[in-house]
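Here the structure comes first, spelled out in structure tokens, and everything after it is commentary.
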Amino acid sequence: MSAWSRQELLISVVADLLAGCRHVAVGAASPIPGSGALLARARSGGEMRVSVLGSTRNNFFTNGGVELFDCAAQGRIDAFFLGGGQIDGQGNINLVGTGQYPVSDVRWPGSFGSAYLYFLVPRVILFREEHTRRVMVEKVDFISAPGPRADGTYRVGGPHALLTNLALFDFDKTCRRFVLRSVHPGHTLEEVLDNTGFAFDRPAQVPATPAPTPETLSAIRGPIAGEIAEVYPHFAATAFAATA
Amino acid sequence: MSAWSRQELLISVVADLLAGCRHVAVGAASPIPGSGALLARARSGGEMRVSVLGSTRNNFFTNGGVELFDCAAQGRIDAFFLGGGQIDGQGNINLVGTGQYPVSDVRWPGSFGSAYLYFLVPRVILFREEHTRRVMVEKVDFISAPGPRADGTYRVGGPHALLTNLALFDFDKTCRRFVLRSVHPGHTLEEVLDNTGFAFDRPAQVPATPAPTPETLSAIRGPIAGEIAEVYPHFAATAFAATA
Amino acid sequence: MSVIRSLDQLAAAVPDGAKLAIPADYSGVAMAATAALIRRGVKRLHLVCVPVSGLQADMLIGAGAVETIETSAVTLGEFGPAPRFVDAVRCGAIRLKDATCPAIHAALQASEKGIPFMPLRGIVGSDLLANRSDWKLIDNPFDANDRIVALPAIKPDVALFHAPLADRDGNVWIGRHRELMTMAHASKATLVTVEDIRDESLLADEAMAAGVIPALYISGVAEAKRGARPLGLWDRYGSEDEFLRAYVERAATRDGFNRVLADWLGRPAVAAE
Amino acid sequence: MSVIRSLDQLAAAVPDGAKLAIPADYSGVAMAATAALIRRGVKRLHLVCVPVSGLQADMLIGAGAVETIETSAVTLGEFGPAPRFVDAVRCGAIRLKDATCPAIHAALQASEKGIPFMPLRGIVGSDLLANRSDWKLIDNPFDANDRIVALPAIKPDVALFHAPLADRDGNVWIGRHRELMTMAHASKATLVTVEDIRDESLLADEAMAAGVIPALYISGVAEAKRGARPLGLWDRYGSEDEFLRAYVERAATRDGFNRVLADWLGRPAVAAE
């Protein structure tokens, strides 16, 4: 058993991906992205804001549900997280369902704000823990939010990275393809290839995702554990190798 | 000397024009329309709302300066008052200035919300005390807000009446002309004709504007005098033959 | 005329076939009024979820009250999928107007402003746009090389929600939950349930007034203590998590839903304190 | 980094040539900051009056600081016409963008929503539209027989206003004066003067929070006691009517304006209590 949990690795990767952001928005039901954002904020020395949507205490918005979206369109949100029941190799994401539409085989909740924020937030991090051919498909059945296209549409945002339980990908907006950046410790390139339904680019030598440093682990478990527990109490009780 | 002041007559006429309205908006610097609205509200038995713009105490809006205009567009304002440095026979009004534009001979403050509310509030009452050929012109030098036209533009609002120190006109939206309804007591049709720069229709016999009834006068001077004084203190101190 | 009503009077004010705007589960859902609506057998609703829904939409769908749903998502969040919604979609039993959150907000703002449509960024290239014949891709009149989505205004017949406070004039305090104010501005009628009705005007204090929907927009107010339960109300009270967990499980079948609904409708109202 | 600044630091943060959004005389005008701006000799401003202005615009025009004014009116209300504005118009000394109140609000809302334009009813057939080459009459995409005005978004470089309260994080309380929030959302930077700066967060209490512009939008806050004087601040304090009466009279000539301006700039600041 490693000295850190799967969640702690993902939190560490998320925090690295958010370095330099001034304002990160996360969902109240997104504990790993949220914890990563709180870690990034702690590292920023007060330069980063984190807005936790749907919470009262960590919600700094005062203009109702529209404000997140207006704020993104104003260029005031640097990073956001999107998931997807299906994610394909062009960066299209599907939050609606499989099979036909509207009478789906499997129906998921719906597209939420994805069709908008994916165009307007510069660093959209696709975060989906499950890394299987069921999720990582060649072509999504329904495009809730499209990956970047060369159609001239106004777009300042889009996929910045794809983070799963197995690996971390960058997205190349010119080629419109994912590029494998690293495979998480304990997993292999073959495992990633076997479980990915779309083609992607990769370097000749694929590095391992850096494990959380002792400093990062002690930050997660120490000074910011309380903050995480305040925002994500259920999560904090189970996810950490050691919780304050 | 009559038993009522000029202001009391105009307040009485305004209140009659507002009968049946559910919601009337008036400016904080419009004491005669405002007093007429308060009188109409008192008569309505609680069925009429009056919003006094720019005041804190009589302002029931909570969404900032845009709310009056949104509210009008929603169909929630039945009557409003507009003035004009010039008013012409087609119901065009000019709040900008005389002569050329933009370098005017005489420059007035500007169009305020007229170019919008004139289209969206069903009963716009044009209220201008001065009734001279300087004001009532054949054609305005600048159209801040146009009278009704047959150009297919979406328009549920427009001129309902024109009230001056001399007379009361209706506006015929089909013919797009003013129709003299009555001449105020103490004034004559000739006086109106001499002082009006535009052509207008009139009945064979032009009636006199009904003088305020004793009930109306006692309402103005009695129960609602206090309300008027609260909203328009400077005006209340001078306008009434007797103030409580 | 007073705007204070009973729950049954509120329910009677939502006609069959109404376009009904409802807020998200975290934004003040009028569940007690929803029970009254279901009891009165409301039919053919066109739900406009602002911008998503959960338990309320699922129960109305399960009760056969919904013909069309316009929403960015329906989910019971951490408790799981919305079972009657998912089942109705798979059977083709309801008409779907899948949207994205800011599009619903913007279309309500168009109604608020009395404009026929609102332009909005994003959306282009999605299958949402491909399936929404009422959304159009138009030229930006200020840039010949730019196209943008135009969303027609959504003007609900009725907005229905739950809030902490009203006064006897019909002013309603919604604090920071400004989407409720947009719903009221955008809708023809607005019905509200509240925890408490105060005698003093909510507009008397400028701090409170900043979070008030003026009575001008409010058609009816009914007192309903714990009126959002089994959902929560902001920082006032939490949701009944056990109920929600059991609901997701029991409502997986139509029969199970009918039983959980009957149990819920049979609950005694919360007594006034 | 703290957002708390001095008045001179605020004034230095408004560059020459800035598109500067300012509120109406009744909505919280940063007059103390305006004095600092005039002292620093700001030039070539493009004023966006939301939706009208009075003393502030007139003084800035008189001081030679304004190149363009976009407004629905400039007036000192009951005290009379705005003398330096009227004179500048008659001399052709400033560029005029005459507007109508809801068009300015809507164009700021377009910027707030990050959309290139906002459609708006009315205006058609007015000489405002005829003289605004930046406003367009477009087809309603949802009705072939309907045309509507499209207003390009107004994105000010700086919004500047005065409010009662801020906290040390930079949250600013504006209560019901919601146009100030729209200005902040729509502008690249927002500078605010306040009567008081509190240590406790204005977001801590939900009633206060409903009327707060979050620090996210605020670039700088300076304390300025009676910072709206000689204008008033809502229900907090009234305007100095004698000053305004004398101003309208004295500023009728350029020399008279220069003297009244010099007198005003020479006034001692209001001491902290």
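Order as written gives the chain letters A, B, C and D; numbering starts at 1 within each chain.
The rule is simple: contacts are C-beta pairs under 8 Å (C-beta built on N, C-alpha and C of every residue); 3 or more make two chains touch, one makes a residue touch a chain.
As the structure is a computational prediction, the values presented were derived from the model and not from experiment.
Colleague: Could you find the chain whose CA centre sits the greatest distance from that of chain D?
Modeller: A
Colleague: Indicate the whole-number Å distance between the mean C-alpha point of chain B and the mean C-alpha point of chain C.
Modeller: For chain B versus chain C, the centre distance works out to 40 Å.
Colleague: Mind checking the centre-to-centre distance between chain C and chain D? Centres are C-alpha means, answer in whole Å.
Modeller: Taking the average C-alpha coordinate of chain C and of chain D, the gap between them is 37 Å.
Colleague: What is the distance, in whole Å, between the centres of chain A and chain B, each centre taken as the mean of its C-alpha atoms?
Modeller: Taking the average C-alpha coordinate of chain A and of chain B, the gap between them is 59 Å.
Colleague: Which chain A residues sit where two or more other chains touch them?
Modeller: 56, 61-63, 70, 73, 120
Colleague: Which positions in chain C are in touch with at least two other chains?
Modeller: 106, 109, 113-115, 120-121, 146, 148, 176, 181, 206, 209-211, 234-235
Colleague: Which chains touch which?
Modeller: All touching pairs, sorted by chain label, are A-C, A-D, B-C, B-D, C-D.
Colleague: How about chain C: which of its residues touch chain D in the complex?
Modeller: Spelled out, the residues of chain C in touch with chain D are 106, 109, 113-121, 136, 138, 140-143, 146, 148, 150, 152, 174-176, 206-211, 234-235.
Colleague: Name, in rising order, each residue of chain A that touches chain C in their complex.
Modeller: Interface residues on chain A, with respect to chain C: 29, 54, 56-57, 59, 61-67, 69-70, 73, 95-97, 101-105, 107-120, 142-146, 149, 151-154, 234.
Colleague: Tell me, which parts of chain B touch chain C in their complex?
Modeller: 23, 46-47, 49, 56, 60-63, 70-76, 120
Colleague: So in the complex, the part of chain C that touches chain A is made up of which residues?
Modeller: The contact residues of chain C facing chain A are 24, 26-27, 50-52, 71-75, 77-78, 81-82, 85-86, 89-92, 96, 98-103, 105-106, 109, 120-128, 130-131, 145-148, 176-182, 234-235.
Colleague: Considering only the defined contacts, which chain C positions touch chain B in the complex?
Modeller: 1, 111-115, 181, 185, 203, 206, 209-217
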